[in-house]
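Per-chain numbering from 1; labels A, B, C, D, E and F assigned in written order.
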Amino acid sequence: MDAPLRARVLVEAIPYVQRFSGRVVVVKYGGNALAGASGEDSVLQHFAEDVALMRAVRMLPVVVHGGGPQIGELMTRLGKIPEFHEGLRVTDAETLDIARMVLVGKVNRDIVGALNVQGALAVGCSGEDAGLITAAERDPALGFVGDVVAVDPTLVEHLVREGLVPVVATIGSDGAGQAYNINADTVAGAIAEAVGAEKLVFLTDVAGIRTDQGDPSSLLATTTADALDDLVASGAIGGGMVPKARACAHAVRHGVRSAHVLDGRVPHALLLELLSDEGVGTMVSAS
Amino acid sequence: MDAPLRARVLVEAIPYVQRFSGRVVVVKYGGNALAGASGEDSVLQHFAEDVALMRAVRMLPVVVHGGGPQIGELMTRLGKIPEFHEGLRVTDAETLDIARMVLVGKVNRDIVGALNVQGALAVGCSGEDAGLITAAERDPALGFVGDVVAVDPTLVEHLVREGLVPVVATIGSDGAGQAYNINADTVAGAIAEAVGAEKLVFLTDVAGIRTDQGDPSSLLATTTADALDDLVASGAIGGGMVPKARACAHAVRHGVRSAHVLDGRVPHALLLELLSDEGVGTMVSAS
Amino acid sequence: MDAPLRARVLVEAIPYVQRFSGRVVVVKYGGNALAGASGEDSVLQHFAEDVALMRAVRMLPVVVHGGGPQIGELMTRLGKIPEFHEGLRVTDAETLDIARMVLVGKVNRDIVGALNVQGALAVGCSGEDAGLITAAERDPALGFVGDVVAVDPTLVEHLVREGLVPVVATIGSDGAGQAYNINADTVAGAIAEAVGAEKLVFLTDVAGIRTDQGDPSSLLATTTADALDDLVASGAIGGGMVPKARACAHAVRHGVRSAHVLDGRVPHALLLELLSDEGVGTMVSAS
Amino acid sequence: MDAPLRARVLVEAIPYVQRFSGRVVVVKYGGNALAGASGEDSVLQHFAEDVALMRAVRMLPVVVHGGGPQIGELMTRLGKIPEFHEGLRVTDAETLDIARMVLVGKVNRDIVGALNVQGALAVGCSGEDAGLITAAERDPALGFVGDVVAVDPTLVEHLVREGLVPVVATIGSDGAGQAYNINADTVAGAIAEAVGAEKLVFLTDVAGIRTDQGDPSSLLATTTADALDDLVASGAIGGGMVPKARACAHAVRHGVRSAHVLDGRVPHALLLELLSDEGVGTMVSAS
Amino acid sequence: MDAPLRARVLVEAIPYVQRFSGRVVVVKYGGNALAGASGEDSVLQHFAEDVALMRAVRMLPVVVHGGGPQIGELMTRLGKIPEFHEGLRVTDAETLDIARMVLVGKVNRDIVGALNVQGALAVGCSGEDAGLITAAERDPALGFVGDVVAVDPTLVEHLVREGLVPVVATIGSDGAGQAYNINADTVAGAIAEAVGAEKLVFLTDVAGIRTDQGDPSSLLATTTADALDDLVASGAIGGGMVPKARACAHAVRHGVRSAHVLDGRVPHALLLELLSDEGVGTMVSAS
Amino acid sequence: MDAPLRARVLVEAIPYVQRFSGRVVVVKYGGNALAGASGEDSVLQHFAEDVALMRAVRMLPVVVHGGGPQIGELMTRLGKIPEFHEGLRVTDAETLDIARMVLVGKVNRDIVGALNVQGALAVGCSGEDAGLITAAERDPALGFVGDVVAVDPTLVEHLVREGLVPVVATIGSDGAGQAYNINADTVAGAIAEAVGAEKLVFLTDVAGIRTDQGDPSSLLATTTADALDDLVASGAIGGGMVPKARACAHAVRHGVRSAHVLDGRVPHALLLELLSDEGVGTMVSAS
């Protein structure tokens, strides 16, 4: 690359570095991104590199993750038959134990391990730690599936202030110590709001938000909370994108400056979105 | 209880409260203590109460735990046949995954949950977090069984300074991100030394250290590092007590003021040992 | 004492230790308590031990004292004939000089000396020091008998923050430097209010507050500011208990959490009242 | 006064203000200075004004005082017959009590009162407070007459850091809590050394140190520690000037920059000595 | 001078030292004061001594200066013909360059040099530095003559907090980086207001403000902002005194405690005005 | 530019950002760079942009400048005939005055103005300010040409800590206040050493250091202090490059990590050298 081009990228990136220095960026890293067949290592490694670079320029990354596919896999190995209620998995005590072991003891560990190879000094957390996530039962018919009642961001704030990267598994607990499994997109949004994050970023395996699922050209580069509400209401947004869209809309209405749905399959998608004029997915603003 | 007796206990306890205020006490809580049939809840709850009381008087408890019985249980459910080498369990990649899920995602969570019901603001950690425990392979024939190479106590020190209680699962990792399962007694001793703990306490299911296993009257109230070495060399101390004895002797020779082997089955054993003139197990000093 | 009883006392005491840590407790120590014939040393020594133990668990004791009997004794030796006006001693310039010498130069010194033998690092103060107590003449007919006009708690707060125990003699002064002798019960209450004390404790030579002076069974374990007002109004409370009762009622209405009238003759009464569920005198709350 | 003269005084004084800012000056104020018949108020008032002005320009004054004449007066009133041993007063328990009452409860109070009228925020202390002066018996035949064993300047340093003026009565105590009366000149020197004072000043009722007591023209403007030793050895210095001379010589050999013997009867002697090129008494340097 | 007179000067000065300690005093030092033929060195040297003494007693001096005569001199040497518009000098780009070189590169340097010989640690600044003075064009016909739009006192405050003496040349700039020459009296007043100065002092070559220019006996010792307005309106104040009078009146109405017009030819005029009861010029108060 | 290229530039730059964060970079900006005919504005503007971007990523730039051509220009206008001694300009008092006016009042101002348009909050300084550069006469025959005797970096360090950019004109002064003109390359090196700079950068109008002046292909990408010494000794380096080469060699031997000679005519040369793997001139290391 010749010098003028190189200079242009730097001249463009530096104001972003300055603007985001010392600001928290909450990144939801999907379980799917971990589960891919051969590309798996590569995606996780690029992600870990980007998180390390974010820290190098004094951004304060917080990683939140789920792990649906991995939970299903262990249930299968243990001969546990999944049960459903209105399309959602019923989580009995044994299923909760399995989910917790997989999320906290496996997926969380794999991400922490990959980050620490980059020197990122990641620390694995569960929402149960230090009262991070207080949860409540969503529906008796679903068992130990929880909603977020409150987030106490003290632990996460402590860790980022010390230069560490919290990696949060989305198990919460109630006052009596009962644990619940919670949707990771919702938790990511709730933490972003509680810490007053600059950005909330969903790393997914799609290119962004489309107004027409079947039409790649309908990809939105930018949108607003109201427009997202309409797309969800009209059914144009469906499936697993619904909790992400809702979390984005809620977050930008509650103090988070912007929310992003990015294609995690693009190498260094996170870095390009954060440090250049042209993003690589959909950016959601309050208005 | 009448007033004079009550006054005597308080007059006796307060100097200990003062002496241990602001000092770290590392407590190894055994997997066996968690695994008991009907008494299980009760032992864990008393333990959690004692840890909460330690924090109330400004001691800085750090909990380290193993989980052998629980690992074996999940292996059995997954149809995994244990393999042994010179009496030690061979830990292949799948066994390591199981151990990590159980230790970090189950046992650690149960202890954190019990402590947080007491308001103790526990935070679960693994030795992999923030470079806490650097490990190396012990013996190729054993697979992913590790020795402690180094302890970086920064994370633990940070958490205790914030008034939180670290609960440490004894998985370590090497520079390349490979995880290892490590003996929890050894880890407890290494952390106590690294943080310059006042005390290292092993909560066990025996009454303390005996010079003659078969003779309850041979229980030692106090002993020294040298005496412990002799008892191990002579075979008077054997089995699971060996790594505890070694950790005690090493710790008191490396800056820990005293080490204790207590009977965790005695209600509030921890509190009685810490705050009264008469201990309830064996206390080990440097000399 | 066996282990379970011992554990129960500790489990009961620790929450009080935690609650009162870093909080100021103002203790009025009566001149009578010092004047006793043979038991004198013993009472003062137990008191000094209790103050030392309070400091050991990070409470912040402030001692206020009077010294009526000792003032009378020196007056007698100097051949000074007491004069009275409506039942109160007339304090001319010479009497004031005597009172000041006895309170600041004798009683205060005896208490400071006893505390410092316990390592408590007591510092004797007079209300004249650093503007601690601004006083004004109560009644021209009484001479240099003062009322408290204002308390500047800066000096007392400095000393307790440094880990020292202020011992306050109740001489105040006005803007022109004129000194006044002031009722010690009133001063204790005023200082407790000014520093926002957790507790105000009167160590007396009676068992507590009774609704019927002649009936030991009428002792009140707990009462309220309003009830005290009624007892004073009805004459059920009389004599030297009146200023104590008034100071208690005023203090709990002005930010002091609770006020106590204890029997200083019970060994370690202070410690038992502060650190156990069952008090040893009368506790006064706002309502 | 015309402008050029006024300017010359200021131009001369300001470098001294700068040099002594933030430095401790220990001033011994003699009991004689307080005992004078008609001039009494005036001398004490000028002294109080000078101390207030020292504080105004950020010097850190510490006042130490004796009170021999006043002790004698109260002994007489109480019908106590003085007893002597080799020219020094024997101090039995009752005499000590009297001395303590007079020094701490009368002389100290009068100085504190005079200073506080100037807004100087004086705080009376005794050497017994917070371990300030540890004393030991000088000679069994003398009773409770003490020597200085150690000075713990923490309390004094704390008070001056808070902008307060400590006024120290020279009673010390031993580890068992026994009080002793100590020569005030000696205490002033010991405190000056312990706090690393810039200056030690004796305010006396003579013009300074003379080599020939009977010859006013033999007054020394400056002298050295060695020269003082010679004058004491030769008897040229005698009486009450001996402990002052010894304290001056010891102090300048132990870190105090200079020691001064001033004529306290000259109005504002302290200010003139501190802030002008020409002193008003004798200045002692190390060499 | 004898001791009582000396003491009187000190007793009078110290309260001023205390009152002005840590307070900013902005001194406008006139270009004329620098331009005098033979007395030049002497006036600047006395001024430098006074500034050094102000710092010694912890006042925070800020010097502002002009340099009209010196600008005219260089213009003459460069053969530049002055042009006037309604009595004010037209400042084209070349004239501005000359003014800037003279003010920043010559007059400012001479003052900084003289101060630093006194150890005053002066730092030369221009209003262009760190956004100190934002200016705007006054009148297109005048070219680069500016008015003060805003003062950002951050740099000046930084420097005085570090114990340095800012010496400010009165060039300002607009947002596009265009420089302007600004009246130094106006700048001095604007800086005094922006830093919340205690005093604003104009050192001039006249004795103070007179109500009748021709009558020395009409000199005002004290006056008010309103009275000054009247004198300017009536023409009693004219010429170069007008911007000084306006700056004084504006400053005392905007938070500056008092403003002074002094005769800089009187040796140590600054010190005498600041530290004695009788000033040496005119003092202006808000009312 | 496509995403992968963009990502590569960022991934490469971030480690440099991290490494240089909080580190001082001293940049010598040559008078020639300011004097160019048509390209003048553009070079200064690109330089100002780069300095602003350095600050944005928390580097701490310090600018040092000369101004030989501009001094010569004003001398000519004032009809001053240059005089030379052994090839160096003789600097009499008038020449010094001219040099100081031009450097401090013109060149320094132009750089400060250009930086402040970028929001860089530049502050112009002279070596005379706050004792920054103590100088001494180099050779009586040369007049007021100085050598650097000492650098007191306090002012520069203070300004960079406050987020400001010092721009230093290279006039120094001796203890008596006499000013001297000093070679700017030498001053840049001395300041870099005194502040412990990470880098010392010379922005010149040549491509870097060549071993053969006439052969562009002899340009050195990297070299060492010893190699530079040899090139100067052999005459391969000559003219104005000699003081630069000497300053580079001295600096890297005295704590500066690396020194650079860059081609200031390349847009953003500074940024490219600092933030990419391939430099754009010659880098000098200690060995």
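The rule is short, and it goes like this: contacts are C-beta pairs under 8 Å (C-beta built on N, C-alpha and C of every residue); 3 or more make two chains touch, one makes a residue touch a chain.
No experiment lies behind these values; they were computed from the predicted model shown.
Asks: Trace the shortest chain of touching neighbours from chain B to chain F and give its length in steps.
Replies: Between chain B and chain F, the shortest chain-hopping route counts 2.
Asks: Which chains sit in contact with both members of the pair chain C and chain E?
Replies: Intersection of chain C and chain E contact lists gives D.
Asks: Between chain A and chain B, two copies of one chain sequence, what rotation angle (nearest 5 degrees) aligns their Cα atoms?
Replies: When the C-alpha atoms are superposed, chain A turns by 180 degrees onto chain B.
Asks: As a quick test, compute the distance in whole Å between the mean CA positions of chain A and chain C.
Replies: Centre-to-centre distance between chain A and chain C: 60 Å.
Asks: Roughly how many whole angstrom separate the Cα centroids of chain C and chain D?
Replies: 35
Asks: Taking each residue of chain D in turn, which ones touch at least two of the other chains?
Replies: Correct list: empty.
Asks: If each chain is a node and each touching pair an edge, is that a line, ring, star, complete or other?
Replies: Contact pattern: a closed ring, each chain touching exactly two others.
Asks: Could you walk the ring starting from chain A, turning first toward chain B, and list the chains encountered?
Replies: A, B, C, D, E, F
Asks: Spell out the part of chain F that touches chain A in their complex, as residue ranges.
Replies: Listed in rising order, the residues of chain F that touch chain A are 1, 3-11, 13-15, 17-18, 21, 49, 53, 56-58, 266-268, 271-272, 275-276, 280.
Asks: Using the touch definition from the top, list the residues of chain C that touch chain D in their complex.
Replies: 74, 77-78, 97, 100-106, 108-109, 112-114, 116-117, 121-126, 128-131, 155, 158, 162, 164, 171, 173, 175-177, 179
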